[in-house]
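Two complexes come next, and they have one chain in common, chain A, joined by chain B in the first and chain C in the second.
After this line comes the complex of A and B, so read on.
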């Protein structure tokens, strides 16, 4: 491996105003190699990518150098010269393919555009022919050049975005959280594709992610970034087996939470759903008529007091519909849902609704931005007759329970960090003293270290308040850490259910096996050997 | 910076007219109903700052009271438009995709199909011309505008998690609309009101110009224009002054509206940064 580095960051520092966002970053990107940049939100991952592309925001001051092999220091280049390099020498793939692709442009034309802009094709026809070849390479051979982004699935869209990025045969490929928005099976397919492309074309790849498990499978070297500094950089196996820096060690520990110890729960059943079926009626859209959609089909569940049931499945499998049905927000066509002996339906009384509440994924969309925290948390009490003093004291209790201080009641949601917001959401869910909490991807948007603390909080609350959880997630390591039992959903049905440890080690259904196989894991060195 | 400037300039212009109109309620240089043939068609002087018209009325006083008429008509019309349109828009959004939404929005389209002037002619043909009927006509024209803006602003909010949380708490659509939706789209409505304000001024001027607005002796900018028409070559200032007032106020309100929108709408604010 004595080849010259394709791209070298030499003591790169970036400041915005008085704030130093990147501090003395040095990275070497070698041909055929994948270098991962791992860090939590705000650590400067994306800023590094922007610096490499010469796309730093206005007012940012960079020192050091970004040496591109055969060109020189990119920081010294003018905008016009950078345009010739962006896309041609250095290409980038983004997190959200729907916004990275132009929605009103056919995908063939989008791939061809990259070729035409950089003069790699004589004319449009030639460019389209090359686009076809590239789309075939990324596994879209069945997809016509004239399709629009919205006609593709999430995974196909990301493939199209990759095709557009690699069409001009760049030397360097930057993937910024490129698989974060995809579900596990699609994610593993895209990662395989990226790995294969890097090996075949001899590209250098910079893989930016917050997810250590993704990196473990892919990268040759890992650089761990914290608060704008690289705290540790080493080959992947070294980092995973013998992390040197304490921050890397906490990151690794948080990313692979221990499975929950086996518990036997024999308390009373608090939730019973039997043969629940939800069908969305046929709808007329213009002249076409869409057929009725079966979102839930004969779903049965039981949940005991103090138990945690994990609900896993790919996107669109009906997890969220089931959650809404359990909360009494969906009209069900057949079957019955019963919580602590009383039926659940869209027209049940507010007093009956009190028994189940929900925590959402997005810590930003969960609160009315114009309300103070005390009003947000107390909202579930609005329709339940509660005196003003007891409202205030319950808000205070809830805040303390979730580890916030009573003074926080006066603040507004935007004054809190993502992890704190999730605590506020939990406080709101607890205020009615419910029996059941639905946690709908409640920790998925959080950084690993924050996530670990929120999970600990949820566990201790469960012990203290004897809560039952329905834990909806796509992340199998988290579900192993939390759940006593797991139910696997596919196409509106529960295909497999059983004790967590058993189901995760010895899945019976093909679908569960695929799901487990696709999940990225930290136990890399062994898998890596299998592959090479 | 730029948006702040347009908000400032537009706001200042609008404020000057508002203050003149407010002042005219208590004091004007000369009574606008007193005619004086001896003093007709005079040029600017210390007695008559902007001169007099063909009946010897003081132009400055006419313009001040005219501003009062225009603003009163436009504001009352916004009141009707927003008072009916906003609840309709909230209702439509709350019943999105169902029959209620369809009925409201198609009703909107129906009103949209008739320009304010046609509605005004319709009303005046039935009830006779008056300032009140002008208000009614412009107000009806405002309803679908506010309903549309409200519905469009409300729909994305209905999909947010905190609405779901409110539903879980057992709140009705009505209560959710009032507590969560309305406060979060109020900025949109305020901006739209500013824009409708300027359109209302224009519509009032147009209606008075064709004789369908405020009736004599109530002064109005539109009718001043119409009356000056015959003397446009001999005494051009008679037409230029009310015309300039209409233009300046509409420009001021539009600038203020644009500035407000950039200032209040977080999506646009990001782009500006």
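After this line comes the complex of A and C, so read on.
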């Protein structure tokens, strides 16, 4: 088989300065096959892709070889020769559909460009005609060539990016976290498309991801990458069923957290929302008016002390609007929200605000980088009168509660890892001793192993402090692990709600069923057999 | 796109209306009566009163404002108190110098700045970048009137290629351009330095974007990526600076006009102020405001042409 390999990485290593970021990587890409490269952030996944493309950052030095069938070692090629290979023989798609396309260029032109650059079309007209055909193929037949990226949805943009990548009919396609930024339904559509393209065109695909569930569904072989080294490489079934390396084992365990054991919660209701409706009024855009937008429609929910309510739904379904409304940050047009017997509204008193806090998704963007941790954590205390000594001791307690040390109070956010920052965010949310914590995609940006530890922390905090959680996520395996009850949102409404285990195994609504079907799962080798 | 255009146009008209009120009120509070200034110290009270009536200074503020604005809309800017000719004629003469000078300087600075900025961005950190940026720093630091004098010393006094000052008029196009060349260079150089720096940093920021990486992955060379993908995306900040520069060049050339003895708008307004020729001051200021607002409007349209996301 080895002579058939389209692309072979032979003992590839990459160093930046004295630091070795990739160490002795050997991978083979075969026609019609999908090879997955799995690892957590900083493991060197993207660096591998960039090394193959010859697009390493300045100062990075690659050794070993990248053998392209029929060409030879790419590392030995000059820039001009590489330009003829990039896009033509090896194409790549990236994570962010929002930013990976040029915002000021029509999508037809962006697809056609790939053809023109490699001389695959005589002229612009012919290139545009071919672009049309490729866009049709990736499911964008409804989209005109003259549309701009901002006029497309995230999934459509990723399809356009795929069209630009496959237009020159490359032999090898590298997908670097290509579906990570999409919601589950869109993700599953894009994965289906990629799989179909690989099978039909006989491309070799290198699928780079942190998400083992995606890989289980797609890949023929998996290589697990940790700290720049491949720790284990084997056919997908072997990796999923009998992982050999301890790191693979932890990764697998962390990626499929066990569903939460059923609990009966009969304590008092801490939050009651009834028929909450949020309408964004018609906005004047100069001379024109945009129609009013109903973001929440008759949303009702209850939350008991110590309970965790999972809130799931596709992007734009109103999850975050609901969270803001519960925090009293949104004017609501009808209905009522009540926390421990006091009404919630934008003009509620600071003392009332104390009873509910929020943790956001992005552990990098939600802190002022110039503030020390103690100031970040203590800021919510401005809501309530607290003496200076008690401030300091509360900061200390909060840090210890989230598993950090009191000395960390003096440090600045950039001195912490992503997981630690999320712990700081949780400490900040806890400092006012709230009854309710809203966790808005609070673990979505974390690597699976870090995520597992943060989830453990959240669970033990809930036990110790009798906290109630509203757990907003797009990740169904996480919500199964955390929630007692789940509410499914679609287009501003709660379409289904029920005990977590019941809802996940036996969904009543079509929308919930679709959501569950779209979610990638680790048990998939079985599913794949059904499919082929 | 039409909505965007109409919105911008509406904003432009509103700004003009507000500006006219502000200018009128400011001129109202300036001390000194034009009539007594024109007639000199020995004039009788009766003569001053007569002149005031003739100039329409007796009417109420509102009436005079409406008359002023109404006149301007029809192209009638009134009669200059000191020159005794229609202000519109004065403006026309001066604009024939100032407008070509501003456009000339702007073209020069753009023509210089774009290749320099692109070169600096493409060779980031290497000697072309460092050299160009050091020169640009110098260009910003040197006062333009001093630079203008150096130009005069070299090209007019030493080499005698052009005259040291004055304006030859547009009877001969070549002579007109020749007499504006040194002033245009003096004006353009510092502007070019600023523009090149802005373009360089806008390009560098754009080159960090994901879609640049996508373009490189498609097989475009570094140079193709820079010209096809980065330049247009870096265009917005550059357009903003260009717009500001044009306004400055039109109105702010006063020092350069003095160095080169050019009969431009800047000198007109300066003379108007010293001679209490308030109607000239009022009208020229309004005209400059109009020019600035018009340029802003054009820049807004250019934004939309550059960036489809703004066409709403």
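Note that in this section the second predicted complex is superposed on the first by the 529 of 532 C-alpha atoms of A that agree within 3 Å, B and C clash if a C-alpha of one lies under 4 Å from a C-alpha of the other, contacts with A are read in each partner's own complex, and residues count from 1 in each chain.
Going forward, a contact is a pair of C-beta atoms (placed from the backbone, for glycine too) under 8 Å apart; a residue touches a chain by one contact, two chains touch by 3 or more.
Source: prediction; values computed, not measured.
By the touch criterion defined above, A:349 lies against chain B but remains apart from chain C after alignment on the C-alpha atoms of chain A.
When the two complexes are superposed, the chain touching more residues of chain A, out of chain B and chain C, is C.
Applying the stated contact rule after C-alpha superposition, one finds that A:16 touches neither chain B nor chain C. Contacts of A:329 after superposition: chain B is touched, whereas chain C is not reached.
Of the two partner chains placed by superposition, only chain C is touched by A:164; chain B is not.
In the superposed pair of complexes, A:114 makes contact with chain C only, with no contact to chain B. Of the two partner chains, chain B is the only one touched by A:365; chain C is not. Residues of chain C touching chain A in their complex: 3-4, 6-7, 10, 209-211, 213-222, 224, 228-229, 232-233, 306-309, 312. Contacts from chain B toward chain A in the complex involve residues 160-162, 164-171, 179-180, 183-184.
On chain A, the positions that touch chain B within their shared complex are 324, 327, 329, 349-350, 353, 356-358, 360-362, 365-370, 376, 379-383, 428. Those residues of chain A lying in contact with chain C across their complex are 53, 55, 79-80, 83-88, 91-92, 94, 96, 99-105, 113-114, 117-118, 148, 150, 161, 164-165, 168, 285-288.
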